[in-house]
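Look at the two complexes coming up: subunit A is in both, with subunit B in one and subunit C in the other.
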Partner chain A sequence: MKQIRLAIKIVKTLVKDRIQYPGRLIMDLVAILMRCGILLILYWTVFKLNDGMINGSTFLFSAWSIFFYFSFSIMRYREISRVIMQDVQTGNVEVLFSKPISYLSYRMWWQIGSGIYSFFVITIVSTVGLMLLIGLPPTMTIGLFLPTFLLTFLLGSILSLLIYIIVGLLSFWIEDINPIFWMVDKAVMILGGSYLSVSLFPPLMYKIALYSPFGASQFVTHTVFTSWQSNWYQLVGIQLGWILALGLIVFVMFGKAKQNVSVNGG
Partner chain B sequence: MMKEFSFALYAIKKNIQSSAELRTSFLLNILGMSINNTAFIILWGFFVKSVGVIGGWTVSDIIGLQGFVALCFGIVFSAGAGIRKLADDTASGAFDRFMLSPKNLLVRVATSSFSVSALGDVAFGIVCLGIYLVLIHASIIQLMLTAFLILITVIVFLSATIAVYSMSFYFTDADSVTRSLFELFLTPALFHGGAFQGTMRFIFTFIIPSLLIGTLPVEIVSHVSWQKFLFVSVLAMIWFVVSLGIFHHAIKKYESSNFMTFGS
Partner chain C sequence: MESNSIIVSRLTKKFSFSAKNASSGWIKNLFFPEKKEIVAVNDISFSVKHGERIAFIGPNGAGKSTTIKMLTGILFPTSGMVTILGLDPTKDRKKLAYQIGTVFGQRSQLLPNLPLTDSLEFFGVMYDMSDEEIQKRIRELTELFDLGSYISQPVRKLSLGQRMRAEVAASLMHKPKIILLDEPTIGLDVVAKKSLRDLLLKINREEQTTIFLTSHDVGDIESLCDRTIIINHGIVIKDLPTQDLAKTFVYEKYIDLVAQNNFEVFPKLPNGIRYSLQEKNKVTVVVDVNQISVQDSLKILLSLFEVEDVNVYSADLETVIRHIYETDSIGN
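Our next item is the complex of A and B:
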């Protein structure tokens, strides 16, 4: 109960903060317009040149898939790695460890609170805009879509946080985690279906995306395709499997990391 | 002028020496950034493989594009990473210490910080351009054009960066604004050059100079277009003069916070 109250408090405080300073919202909006907007124009041109069909997929499906990737990225789960690194480098972790809260859950809720306001505002506005501009694919209008989308979004969020927490926890042993962060981040970007839509993946790459945690964290990009209706439970199963595995790794790593910190209380 | 230049070189040398003290971190950052940049080539490579040639752009052109952009990014931010900190400096009042310095203000600000990872961009850019020139079987003229264009792209990149980060003096939440504007400039530069046709090409050439640092240089080298080369050179000079004007106008907006931060 205490944990939930703390989580709500953190999220509420950060949402209020983001409303007060709309700069972050503008930044996120510009980023999504630049990255996703130009990419969609590029895809539109490409599909037009290929008579509207590439690898058995149309522009409509690819556009929504790419949009989901960029929309998901507004949650900024990736930032948790750097926040943990900063805590370790500045010694802030020592202060947080001495407080009666769980450090990792505090940081997770902080991350969720930081991105949730921009995520909702931009996603709602962009979804309406995209709907008016290009329409909805039929796969998004069936009853199965929304519940499975929300489920995979939730699991993807947990998985993303776990992946980036593992990277962040490495800073208890490595001085600068940035090089590892970049590699993991780019693996998520490539296998998640960002610039290259999932429908355009070569077979081997598709398999890697399916069975790696990096691709699994971005399964929201798969939800628009027809295949999702028949294999959604398999994909959700893969996500659950990775959550369990990475959750265990985080648990062990965090236990060992705590032993590396000496709280001086000065 | 020479005095300022030698001061800049001295500051850069000291910055490198300071960063290289943490040897493992220094090397890991360079290597990590090089690998990180490879992701864009993988992505666009698969893209071209899946959808075919668009606007005459092949995989080798994509490699050239990433090479030009990474190299100018790396050169500017390894030598002058301080420009990126302008938003923080103005917000915290740390800009005072630059104003008190007898050196050229812009040079002093730019060389106040150093980005190790940007050296990874430099290494990556050189390798990419090398591969690109081999793949297109570059002639002597194309080699020379590439060398000149590296200089021109650095000027454009530096100008755009100065113009963007000068906005730090105009806005309260400057960090968000400058990051958005920089994103607006850099993101299109990394995209497949064949995507920019008509209005998009006009906007990202004349209003936002994104195509001047990658797409147009690649097209100049691959087609040996002297007309385009002249055009890009003139635009680079105009951007440089304009950005200096913006910077000098912007600093007049700065109000000292009277912070006693005279260090580093």
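Our next item is the complex of A and C:
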């Protein structure tokens, strides 16, 4: 009960913080509209040049898939790596370790709280805009879509946080995690279907995207395709498997990390 | 004032790290780096009674902060035992956190962009207080710390003195039995320092909070702490009532000699007298009264120098502490 109350307090406090500074929301909105907008124009042109169909997919499906990636990215789960690294490097970790909280769950809720306001506002505005501009694919109007979308979004969120927490926890042992962060982040971007929609992946790359934690963290991008209706439970199963595996790794790593704290003392 | 709040027994903390060996190749350095070890805290023991006000002091790198971090469960000891209010910080860190408050002078625990009330409410929830308890405690702390004039301002807009008061107030939200402060007055002006010290004395008196602080500021020690533990090179070198600390070097007297005209030469002094300061307009000497009396010293000094004024005094606390650090360093 205490954990839930604290989680709600963290999220409410950060939403209040973000509302007080609307400049950040506007910047996020402009960045997403530009990045996603440019991609969608490019895709529209490419699909048009190929008679509207590439690899069995149309522009409508690919556009929504890419949009889901960008919408998911507004949650900024990736930032948790850098936040942990900064806590370790600046010694701020000692402030949080002296509180009656679980450091990692505190940081996870902090990250959710940091992104949730921008996420909701931008996603709602962009979804309405995209619906008016290009319409909805039929796969998004069936009853199965919304519950499975929310389920994979939730599992993808947990998986993303676990991936980036593992990267962040490495800072307890190595000075600079940025090179590792860069590699992991690019793997998530590519296999998650940011710039190239997953429907256009060659078979081997599609398999890697399916069975790696990097791709699995972004399964929201798969929900728009027809295949999702028949294999959603397999993909959710893959996500659950990775959550268990990475959760165990995080548990062991954090146990060791706590004993490896060496904030500037003396 | 009877039971012990803190018991530290044979506490040791070693930090090991990889060091590059210039004579080895890069492969050896990468895969088999040389391990070096630093003993930050070396076999220290002490105990603190409930309601005591302890200054835990030492020069930079002495092991003060490392000890505080072991007391709060942030760092794991290499060996030895710590018991705080009957709890082991390494095993019961979260349980212990409900009983202690911490202030790290160089780090803020407040939410910078939001009003101070939000930070205080945030800590209240963190410490599992009910909404009524939180509001009641905020009212108490606002009155006690005189936060009323800036409690609604974003924390980042507060002056350093206001922020430090707010930091201490936040650390007291849950009415901790012990408050551990790591250099709480660092960077504060004299007025803000005094105000913070007065507040700490007040919470010690009114809420019987045990105070354990590290500081480089002699004023903190003199005006706030009834007992001083001095640590150097990771070892406790003195543990005594603060009022006895000044008496540690009572056998030393200082004599200032102000020149009538400028001093041109600084003659050799007899045994038991040594220069502490040699300037053209002023000389300070230290007299070891075990070897030579103040009266005899004055006679000799007045025969050696033409002076306008003389001042005889004992060492102040800062000098005493410096002397202890220096003596210990020479001993090591």
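In this text, the second predicted complex is superposed on the first by the 261 of 266 C-alpha atoms of A that agree within 3 Å, B and C clash if a C-alpha of one lies under 4 Å from a C-alpha of the other, contacts with A are read in each partner's own complex, and residues count from 1 in each chain.
As a convention for this text, contacts are C-beta pairs under 8 Å (C-beta built on N, C-alpha and C of every residue); 3 or more make two chains touch, one makes a residue touch a chain.
Small disclaimer: the values here were computed from a predicted structure and weren't measured.
Participant: Look at where subunit B and subunit C land on subunit A after superposing the complexes, then choose clash or fit.
Facilitator: Superposition check on subunit A shows subunit B and subunit C fit without a clash.
Participant: Answer with first, second, both or neither: which of subunit B and subunit C does A:99 touch in the superposed model?
Facilitator: After superposition on chain A, A:99 lies in contact with subunit C alone.
Participant: More residues of subunit A are touched by which chain, subunit B or subunit C?
Facilitator: So, of the two partners, B touches more residues of subunit A.
Participant: Counting only touches as set out at the top, which of subunit B and subunit C does A:200 meet: first, second, both, neither?
Facilitator: In the superposition, A:200 touches subunit B alone.
Participant: Where does A:2 make contact in the superposed view: on subunit B (first), on subunit C (second), on both, or on neither?
Facilitator: A:2: touches subunit C, not subunit B.
Participant: Going by the contact rule set out at the top, does A:21 touch subunit B (first), subunit C (second), both, or neither?
Facilitator: both
Participant: Is A:255 contacted by the first partner subunit B, the second partner subunit C, both or neither?
Facilitator: Neither partner.
Participant: Check the residue A:179 against both partner chains and state whether it touches subunit B (first), subunit C (second), both, or neither.
Facilitator: The first partner, subunit B, only.
Participant: Using C-alpha centres only, what angle sits at subunit A with arms pointing to subunit B and subunit C? Round to the nearest 10 degrees.
Facilitator: 80
Participant: Subunit B to subunit C: minimum CA distance in the overlay, Å?
Facilitator: 10
Participant: Taking the contacts subunit A makes with subunit B in one complex and with subunit C in the other, which residues are shared?
Facilitator: Common interface on subunit A, subunit B vs subunit C: 21.
Participant: Can you check the complex and tell me which residues of subunit A touch subunit C?
Facilitator: 2, 5-6, 9-10, 13, 16-17, 20-21, 90-95, 97-102, 258-259, 261-266
Participant: Help me check something: in the complex, which residues belonging to subunit A touch subunit B?
Facilitator: Per the touch definition, subunit A meets subunit B at residues 21-24, 26-27, 30-31, 34-35, 38-39, 41-42, 45-46, 49-50, 54-55, 175-176, 178-180, 182-183, 185-186, 189-190, 194-196, 200-202, 205.
Participant: Would you tell me which residues of subunit B are touching subunit A in their complex?
Facilitator: Touch list, subunit B to subunit A: 22, 24-25, 28-29, 31-33, 35-36, 38-40, 42-44, 46-47, 49-52, 54, 117, 171, 173, 175-177, 179-181, 183-184, 187-188, 191-192, 195, 197, 200.
Participant: Across the complex, what residues on subunit C touch subunit A?
Facilitator: 15, 40, 60-66, 68-69, 72-76, 93-95, 97-98, 100, 102, 104, 107-109, 111, 113-114, 118, 121-122, 125-128, 234
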